[in-house]
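Input: structures, listed below.
Presented sequentially are two complexes of chain A, the first with chain B as partner and the second with chain C.
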Partner chain A sequence: MALKKYYFHKILNGEFKGDDMFKLVSNFFALSILLITGLMVYELVKGSWLSIQRFGPWFIVGTVWDPVFTQTFSTLPLILGTLTTSLIALAIGVPISIGVGLLLSEYAPKRFAWLVSFLVELLAAIPSVIYGLWGIFILIPFLRHNAYPFIQSALGFLPLFSGPIYGGGVLTAGIVLAIMIIPIVSSVSRDVFTAVPRSQREAVISLGATKWETCKIVMSYARSGIIGAIILGLGRAIGETMAVTMVIGNKFKILPSSLFDAWYTMAAIIANEFTEATYDLYVSALIEVGLVLLMVSLIVNILARLLIWRMMKFVRGVVQE
Partner chain B sequence: MVMQYELKTMYKFEVEDLNAWFGSKQVLKNIRMKIRDRKVTAIIGPSGCGKTTLLRCLNRMHETTPNARVSGKVFFNGINIYDEDVDPVQIRRKMGMIFQKPNPFPMMSIYDNVAIGLRLNGVKDRKKLDSIVERCLRMVGLWEEVKDELNASGVSLSGGQQQRLCIARALAVEPEVILMDEPTSALDPISAAKIEMLIRNLAKDYTVVIVTHNMQQAARVSDYTAFLYLGELVEYGPTKQIFEKPRNELTEKYITGSFG
Partner chain C sequence: MRDSYSIRRIKDRLMLILVWSSLILALIPLFSILLEVFFNGVRAISLEFFILPTPTVGETGGIANAIQGTLVTLGLASLMGVPIGLMTGVFLSEYGGSKLSYLVRFINDVLTGLPSIVIGIFGYTLIVASIGFSVVAASFALAIIMIPIVARTTEEALKLVPASIREAALALGIQRWKTTVFIVLSGAKKGIVTGVLLALARIAGESAPILVTMGYWRWWFSGFNKPVSNLALNIYLFAISPFENWRVLAWGSALFLMVLMLGINILIRVLTREKY
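Up next, the complex of A and B:
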């Protein structure tokens, strides 16, 4: 109300200038973000209300997905599937991305760095369905015939790497996701490494540090930025739908027998089953899966924020350039 | 033998025909000078005269800048540090460097900031680290101020404290030489005075080379002064002589404030 009065007063007195207009417009845009998010949550809750009423909290902890006979739905395996594939993606993709970032900011000559950055960012522009197709026709045959048997012969004594090899599965989904998050994670980490002041590098070089030790200082300075980059990658991996659906095998089970086994993720089940959902409760359950997916992303993001916040609390002073 | 002995004890650095470039711009021209052991040598001159570059050529930092190039020889303890088989990393470990603006590592504690050089050298023994950290912080007069917050971040200190922390960090690896690049230019007068006192103390055990644009500072802290102009060494001698009876007209003009 106060805001309205303020502008009203200004307009009356002919003092409403371009500056006020700009403030008003940017306030509106800022608020629209909240509005859209709020609306999204509202719609998701509304759409999944039937399922929420029917299953309650059990929806999150239960392990049954049976649309045909008992018409019961719950999502724990899907949550685990989403988190597992995303974590595999991070485990593979983040070290590569940080390596690429370091190469681009610390080692590569300018022109070469420019070329590599361009190519890496090009990867980000490839539609995910293309990654999925590439996964099916190129990656899966290669993994099934070459890579996986080799891994199994070396690490087969671990339950994680035993069991039949289909080609598609949890690990395959993780690998495809890893490739998909490399562009964003590596370009953001290149940016945060480049932003590390030269004075920090000089400080450690003058102490007689080798190139690798200098890189370690650069990484420690950019720690919070790297976490930011990882979170962006994780966000992409958690929400990725098409490519995962095409390679993970889409089997609803509590736990896969190994990393080579098929599984399911939240995003994949929505994409796969939405067209088959023939009755209201089924549709509602799928929408609730979407709601849970949103919540999981939210929780992951909040945890990351807390981590960065805790890290920055340590650095109280102003960093001198 | 006698000559060599003298050379070893009297001079820490012997610079011979040193030229340095940034790209195609030559910033140092045929510098020849000898820098005495356990004395403070100041390098003065107007902005852009190459004094910082000269300092950075002494520990091979100049070449870490993109497009930078060096030719000539710098003998350190009788060894040409620009020799092909000399590893710059090993050379830098024998020299501490202090920069214009304090640059402690913000993600490290005060303790770790001092200990990092030792850790780079592979020292892991906690007791040894503790004692060296304490000794170095005492040397720079910081121990009493920070002993209860050794785990706080290096940037939680004031600017002057940060600069002394950086000096402690450089001292921890027991260098033979301390190179300072306008170490007080970003500090308030009181902090600057503390650093100047510290420099005088350091000269008992270390060779100190200090670049400064502040002539009073050069007069106060140094034993020898070199005046650089447009990349050339114009005059070099005992500080007293340079400031009281400069031989070169240019030097006189500069120190009396006619230009620069």
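Up next, the complex of A and C:
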């Protein structure tokens, strides 16, 4: 309010100059980001209104997706599919990423670290659809003929690893996602490791710690930053669309019979069925799946950002002291 | 310390091996993808590949219409996304420090992490619902993906311009906005170009938002209210198709996109390295 009055006063007195204009314009563009985000939420709610009215909260907890006969839609299996594949991705990808992060900040010589971080960032630059292409023609045949039969012969007594092997499926999607989250998790964890003050390392080294013991101290200091990096990776995995659609098998079922079985995720069902949706309620239900996905990834992303910010602020505070 | 020194040393060596093997595990898929895309893609490369449009079953054809369509989409997306991203970056760097700027920076970061398919659906409900599947809708969605990337890198590039340069300009009596536009922005040119390139590389590979805003189009560009062909989306559709000539094209398009990405990434590395 005060700001508006200030500008009004200036215009009246003929003091409204280029500087004020420029500030207004850049303010306007910055505000447009907030507007766009708000508009996005509004548009998605509007687009899915038909489905929201029809199914209400049952949309989240029901287990039926039948566009052909009863025209009923609900998404619990999709949410479970998204969470399962993402958690598999974290289980495989996070240890590797933290290893790479430690290597880059603690072990590797500087020049070599530059090369490695370039290579790892290349992984992030590869488009999702190329991961899918590679998944279909290279990874799936390899897993079907070599890796999965081996896993089954060793762990087949567990229900998780029994049942027929198709090649594509839940575990395959998890593996592809794991590869895709390695760049983000490892580069953020490298950043938080490098942000740990030198004095911490010097203190434990002077007490006679080995390299690995120093790393443990660094990791425990950077704990909240690592958790932030992991959640950031989780957000990436949750929203990943094309690569997952191409390798998960795309079958709507409440639970898959094993990790080798086909399943579905929220993002995959939108990509796979959006262009085939023939009536309004069907489109509206798919948009509501998008809305659920938006909400989940908003929560995950906000959480991750807050954790990383807190860690960085904490470190900066220590350094300033 | 409870463990004896020899046990601690064995642990230390073990972790050293684990840390290095994690790097190898991370790089195996990278090299596998690079090599497979190269060797499978090379088989598709010929003169026809670059000058003919999408073929029907059994014909020879190429990706010329997809290259054209992708360029049109990227151009339109930049027209919308770059100015907004740039001005937001200027705001964050030059007028940062207010409560509003913290909120904008936060939302900007959150926007970076949103699934691209959700942004595609936004484009669908806002634009496709009124004018139909079109290149405008697709570019709008891609522009929204560009904005946070351009804004963030612009902000960082502007912050690297030393305060003394700003002060020198102001001391000469130059207005603040002229200082920003003609001195600070032009000093940070390289960083800004890097950001735009980064954003372009990212959206050139996006296929999910294209699928829901534009769909599949086999022909040449024929107006802004019509779809155009798109390289990344073609890879998806060709890969899941049963036709052999389309699968070869999928690998060929993948190689083309990868070379583009590698080129942009190396360019960015060179640009940012010179600065230090």
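Please note the rule applied: the second predicted complex is superposed on the first by the 275 of 321 C-alpha atoms of A that agree within 3 Å, B and C clash if a C-alpha of one lies under 4 Å from a C-alpha of the other, contacts with A are read in each partner's own complex, and residues count from 1 in each chain.
We take it that contacts are C-beta pairs under 8 Å (C-beta built on N, C-alpha and C of every residue); 3 or more make two chains touch, one makes a residue touch a chain.
For clarity, every value in this text was computed on a predicted model and none was experimentally measured.
*Asks:* One more residue to check, A:Pro127. First (chain B), second (chain C), both or neither?
*Replies:* A:Pro127 contacts chain C only, not chain B.
*Asks:* Let me test your reading of the model: by the given contact rule, A:Ala91 touches which partner, first (chain B), second (chain C), both or neither?
*Replies:* After superposing on A, A:Ala91 lies clear of both chain B and chain C.
*Asks:* If we overlay the two complexes on their shared chain A, which of chain B and chain C does A:Gln200 touch? Say first, second, both or neither.
*Replies:* In the superposition, A:Gln200 contacts chain B only.
*Asks:* So, does A:Leu35 touch the first partner chain B, the second partner chain C, both, or neither?
*Replies:* After superposing on A, A:Leu35 lies clear of both chain B and chain C.
*Asks:* Just chain B (first), just chain C (second), both, or neither: which does A:Thr210 touch?
*Replies:* Both chain B and chain C are touched by A:Thr210.
*Asks:* Which one hits more chain A residues, chain B or chain C?
*Replies:* Between chain B and chain C, C touches the greater number of residues in chain A.
*Asks:* Is A:Leu158 touching anything from chain B or chain C once the two structures are fitted on A? First, second, both or neither.
*Replies:* It touches nothing on chain B or chain C.
*Asks:* Go through chain A and flag every residue that touches chain B in one model and chain C in the other.
*Replies:* Touching chain B in the first complex and chain C in the second, residues 210, 213 of chain A appear in both lists.
*Asks:* Enumerate the contact residues on chain A facing chain C in the complex.
*Replies:* Interface residues on the chain A side: 17-19, 21-23, 25-34, 36-37, 39-40, 43-44, 46-47, 95-100, 102-103, 107, 116, 118-123, 125-134, 136-138, 179, 182, 186, 210-213, 215, 232, 235-236, 238-242, 245-246, 267, 270-271, 274-275, 286-287, 290, 293-294, 297-298, 300-302, 304-305.
*Asks:* Can you list the chain B residues touching chain A in their complex?
*Replies:* That would be residues 59, 61, 64, 89-97, 99, 101-108, 116-117, 120-121, 152-153, 155-157, 159, 162, 166, 169-170, 173, 179, 186 of chain B.
*Asks:* If we count contacts the way the header does, which residues on chain C are in touch with chain A in the complex?
*Replies:* Answer in residue numbers: 8-9, 11-12, 15-16, 18-23, 25-27, 29-30, 32-33, 36-37, 40, 83-84, 87-88, 90-92, 94-95, 100-101, 103-104, 106-111, 113-119, 121-122, 124-126, 129, 144, 147-148, 151, 175-178, 180-181, 201, 204-208, 211-212, 215-216, 232-233, 235-236, 239-240, 247, 250-251, 254, 257-258, 261-262, 264-265, 269.
*Asks:* What residues of chain A sit close enough to touch chain B in their complex?
*Replies:* Checking each residue of chain A against chain B gives 197, 199-210, 213, 217, 220-221, 223, 311, 314-321.
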